[in-house]
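Both complexes below contain chain A, partnered by chain B and then by chain C.
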Partner chain A sequence: MRAIWLIAKATFHEAWRRRFLNGILVFGILIIGSSWTFTYLQPGAELKMLIDTGLGAIRFFGMLIAIFLGVRLIPDELEKQTIHTLLAKPVTRAQFMLGKFFGGVATVFANVALMGITFFIVYTIKASQFQKIAAEAEEGATYTMIFMSANIAKAIGLAFFELTVLVGIAVLASILFSWILGAIFSFFIYFVGQMADFLRELSSPEHGADPVSSIIFGVLYRILPHFEIFDIREKILMDDLVPWSLLGNITAQAIIYIVVILMIGYLVFNEREV
Partner chain B sequence: MAKIYTHDLEGNPVGLIDLSLEVEEGQIFGLVGPNGSGKTTTLKLFLGLIFPTSGSGEVFGYPLGSPVYKERIGFVPEGPYFYDHLNAVELLRFYGSLFGLTGPSFQDRIEHLLRLVGMWDRRDRKVADYSRGMLQRIALAQGLINDPDIVFMDEPTAGLDPIGAIQIREVIRQIRNEGKTVFLCSHLLKEMEPLCDTVAILNHGVVCRTGTMRELLADEDSCYLATFRGLSESSLQQLQSLAVSVEQQQEDTYIGNFRDQNSAVAAAQALATGGVELLELHPHQLSLEEVFIEAVGGIPQ
Partner chain C sequence: MRASRRHKAVIVGTIILLIVGSIPLRDHIRYQRLVLGVRRPMPLTKIVDFDPTAITGVMVGAILGGFRELGAAMLWVKVHTLWNEGKGTWLKCLSLMRAVTLLDPHWIDPWRLTAWHLAYNLYVETDDAEQQAILLDKGISALKEGISWNPEESTLYIELGWTYFDKLDDYDNAAKWFRSCLQFEHPGYVDRLIAHAYERLPDIPKALDWYDYCLKRNPSDSIAKGAILTIRERYLDAWRLMEAGDYQAALATLQRHIDVDPEDTIAIHFRAHIYEEAGDLDAALEAWQMAVENFSLDDLARRKVAELSVALGKPVAPVPTHILRQRHPEQMAPVRRPPTP
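Now for the complex of A and B:
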């Protein structure tokens, strides 16, 4: 435990020195902070637009950070050989890997939190004004906003869990392949995972695909993470209180996924020469 | 043990081909060999960073790679690199914490080590700004943080200024004098010769000679060398008649080669009456360099 904690802490600190990641974060915060200025594009639906862009930006920039951070966590240690002094200490490879992973997750958490806070500030300032516009607009939607901020907080929480899975995938991919290939692989998984429902459709017999590809789509549907489940923007706009049970369910799926990924990663990394 | 990475174009194995070593506790053990002979590979095997292709090894009776013996070892890597964001104190605290070290005695140990490697005055500087030699110094301190029973070192004086190198060698001797073991890899033969108790010569991945330094450097047909200064014309002739051979070194300094110690001493006494000064008297020894070059099959033309 001690080793995992210490390595995670060091990883967190090192990550903030990565200019590239800082750049993505700053860019994300700028986009989120100025998202209300684009809302004129959808007159009457400003609030929807604000939530769409804000949460969308958190997920998108969070995704970039998770992947680019995740695929460099272990290769950086191998290239700079900092891993040698670590593994020469009473640190097992499992502890090392978990330390790197949790350090990466903590970094993503901090990044998502900063973007989330930015979004909340914008939302708090602009929400009632946009709601008024929506109510006055002829065909505009009206929003009740009883549960809205609670739901937004939950959406940001889910975005974090989604990115945690993605960090795991990126770490695993960087162990299996090189970090560049790992990044490409992670992007691929992420985008295909966004379309999990589509894959299911493709695999269904009614769709009329030939049996081989329908099996392939079926397998993909089962093994790929269903990243779309983390996206609850529609529910937010409906202003249904997103129930904790749903959150718990999604989080549980994420955790199972992460455990499996880390176990595969460990099996490979334990045999790896460093 | 063997660790074969690949085979070269002619089909010869590349890496560590035949390593068979036993290191006794309480000594400075030197593993010397040309570049690419497999010194770093040997260390990586000991630390469990890579795995042998065949054979096996133990440290303190535990199989290679076991986290148990790592509590008791230290490692000073070659061309070290550390987390950039730490300063010297934080870096030692980080590595020490991995051993569960805490408290005031740990703080004292950090200060002691930083003073030992001459980094105490520069302890607030971040690793990112370190020079090559400073990295090497902090690498040594981090390798000693747990007061290890055996320290593995890969070229520990690389990149150090002369004073630094002397200090590090002094530290290495000090560790040995505390009853600890030092496993030292280097190709700096001049440095290893006065330092190591036992040496193994590694060439092309094969240990070709091992022995204590004294055994290796002992010359079969040993003779005694005496260095004299201030010889007059006549005393030079006297020396030439007493010694097996005479060699001029500097303008007024001559080295006489004697069959044994007694004849050398007798000659020195005889010459002393003529005002000749005896500068040095010692048995002729091979240098580690000579032994090494012979062991690795000469200098390629």
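Now for the complex of A and C:
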């Protein structure tokens, strides 16, 4: 455990020295902060824009950070040959990989937390104005904001779990391929995972799928991570309570994805010549 | 330290077990999300319905995957920027608005504003009747497409009803679409709009029923109160006489009011309607023609003139295409042939 902790800590510190990751973070924070300026839109649209931009930016820039960080974690050690020094010590490949993964996850957590706090500051300031407008609306406001703050916090939490799965995929991809190919592979898996429902429909014979494509799409639907389950934006805008049971199930699913990805990563990394 | 073959087999077995074992959990999450309305699905059939000229927007949306809404929000900011630049950018605005509706079809405002932009702003930018008809068609189609994506949202039904009411004077369709939104949460004024559409049609009993309904919902609704008094005072007697088949008395009663207020559109429409009910289509045509002469923008009267002229085999005066285009054949005037002597 100590070995994993030390590698994770070193990875975390090293990640903050990567300028391009800091650049992505700064850009993300700027975009979230700029959602402040949508004051010229009508209140309903402004609230929607604020939430879409804030949560969208956290997920989008978080995705970039997760992929570009994840695909460099192990290849960098291989290129610099520092991995030999590490593995010569009593550190197993599994510990090395887990340390790198958890270091990456901690970095992603810090990034999501920073963007999330920025978003919450903007939201809290604007929320009072929206509530005032809603209270003064003649025919009743077209929106309510009873569960919104809690739902936003839940959405940010889910975004973190989504990105954790993505870090795992990026690490696995970087073990399987070069880091550039790994990044392309990770983007591909992420985008296809966002459209898992389409795969389900494409595999359905009701939509004219022949037996072969039905099997292919069906298997892909079952194997690929379903990234769209982490998106609860619609529920936030409708201001309905997002139940903890749903969050628990999604989190459990994310943990299963991570365990499977890490196990595959372990199998591949174990066979790889370094 | 490399893993043994047995060790690997255990790991592979665990991976398979986890993937297969998590299928019920995935299905349960999918079911929960559907039941709770966490995210409305985009069915494949709807994708096939997309406007092919706007397919780039769809492709971008698909590629963006989970960031469709973020893309839509960014484009919407661009729409506002262009809008503020002035009329020269209106067509650019239109394509961006359309892209936003494709990227985030569950966002109501872009549907509403796209339709309004087509049926109102761009409509008045051209004098070509055919172009105007196309723009109105497109505006109405945009609203109907928006409704197909968001059938439980009252806003788009109201907008569609209003477009029929205001732009086409098609009170049949207006009342139909206003009524469609009643099953959902809706602003109180919609009930009055239905009553008003029936009043303009004219269908006096239905108009009274709906104003009565407005008063029951809100006893302090002064507009409904005033409308009920006006209808009872001006049109109700004539309507009852017409229903009793005493058309001459109905016309005489109505005429007394028209003499006092010759610009009362409802009364003028009502007079033509009485002639239609009486089967005197020539007189009805003449009455509708008078309405057109009085109010050149009275599209209901212009439509009636065209329909009656066709029914009577008379030459049809040039009429803007949009007036007839939005009607289904079964919605055309219920023309009764004159009774055989």
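By our rule, the second predicted complex is superposed on the first by the 255 of 274 C-alpha atoms of A that agree within 3 Å, B and C clash if a C-alpha of one lies under 4 Å from a C-alpha of the other, contacts with A are read in each partner's own complex, and residues count from 1 in each chain.
Just so it is clear, a residue touches a chain if its C-beta (ideal position, glycine included) is under 8 Å from a C-beta of that chain, and two chains touch if they have at least 3 such contacts.
Values in this document were obtained by computation on a predicted structure and should not be read as measured data.
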{"item": "Room on chain A for both chain B and chain C (clash or fit)", "value": "fit"}
{"item": "Partner chain in contact with A:A183 - chain B first, chain C second, else both or neither", "value": "neither"}
{"item": "Which superposed partner A:A252 touches (first chain B, second chain C, both, neither)", "value": "second"}
{"item": "Chain C, chain A and chain B - angle at the middle CA centre, rounded to the nearest 10 degrees", "value": "160"}
{"item": "Partner, of chain C and chain B, that touches more residues belonging to chain A", "value": "C"}
{"item": "Contacts of A:L73 with chain B and chain C, given as first, second, both or neither", "value": "neither"}
{"item": "Which superposed partner A:M115 touches (first chain B, second chain C, both, neither)", "value": "neither"}
{"item": "Chain B versus chain C as contact partner of A:A170, first or second or both or neither", "value": "neither"}
{"item": "Contacts of A:R2 with chain B and chain C, given as first, second, both or neither", "value": "first"}
{"item": "First (chain B), second (chain C), both or neither touched by A:T92", "value": "both"}
{"item": "Chain B versus chain C - smallest C-alpha distance in the overlay, whole Å", "value": "5"}
{"item": "Intersection of chain A interface sets (partners chain B, chain C)", "value": "92, 271"}
{"item": "Chain C residues touching chain A - in the complex, by the definition given at the top", "value": "1-3, 8, 11-12, 14-15, 18-19, 21-23, 25-26, 28-30, 32-33, 36-44, 62-63, 65-67, 69-70, 72-74, 76-77, 80, 104, 106-107, 109, 155, 187-189"}
{"item": "Chain A residues touching chain B - in the complex, by the definition given at the top", "value": "2-3, 6, 10, 13-14, 16-17, 80-92, 271, 273-274"}
{"item": "Chain A to chain C touching residues, read off their complex", "value": "38, 40-42, 44-45, 48-49, 52-53, 56-57, 59-60, 92-93, 139-140, 142, 190-191, 193-195, 197-198, 201-202, 207, 222-223, 226-229, 231-235, 238, 240, 242-243, 245-246, 249-250, 252-253, 256, 259-260, 263-264, 266-267, 270-271"}
{"item": "Complex contact set, residues of chain B against chain A", "value": "44, 47-51, 67-68, 70-71, 73-75, 77, 79-86, 94-95, 97-100, 139, 142, 146, 152"}
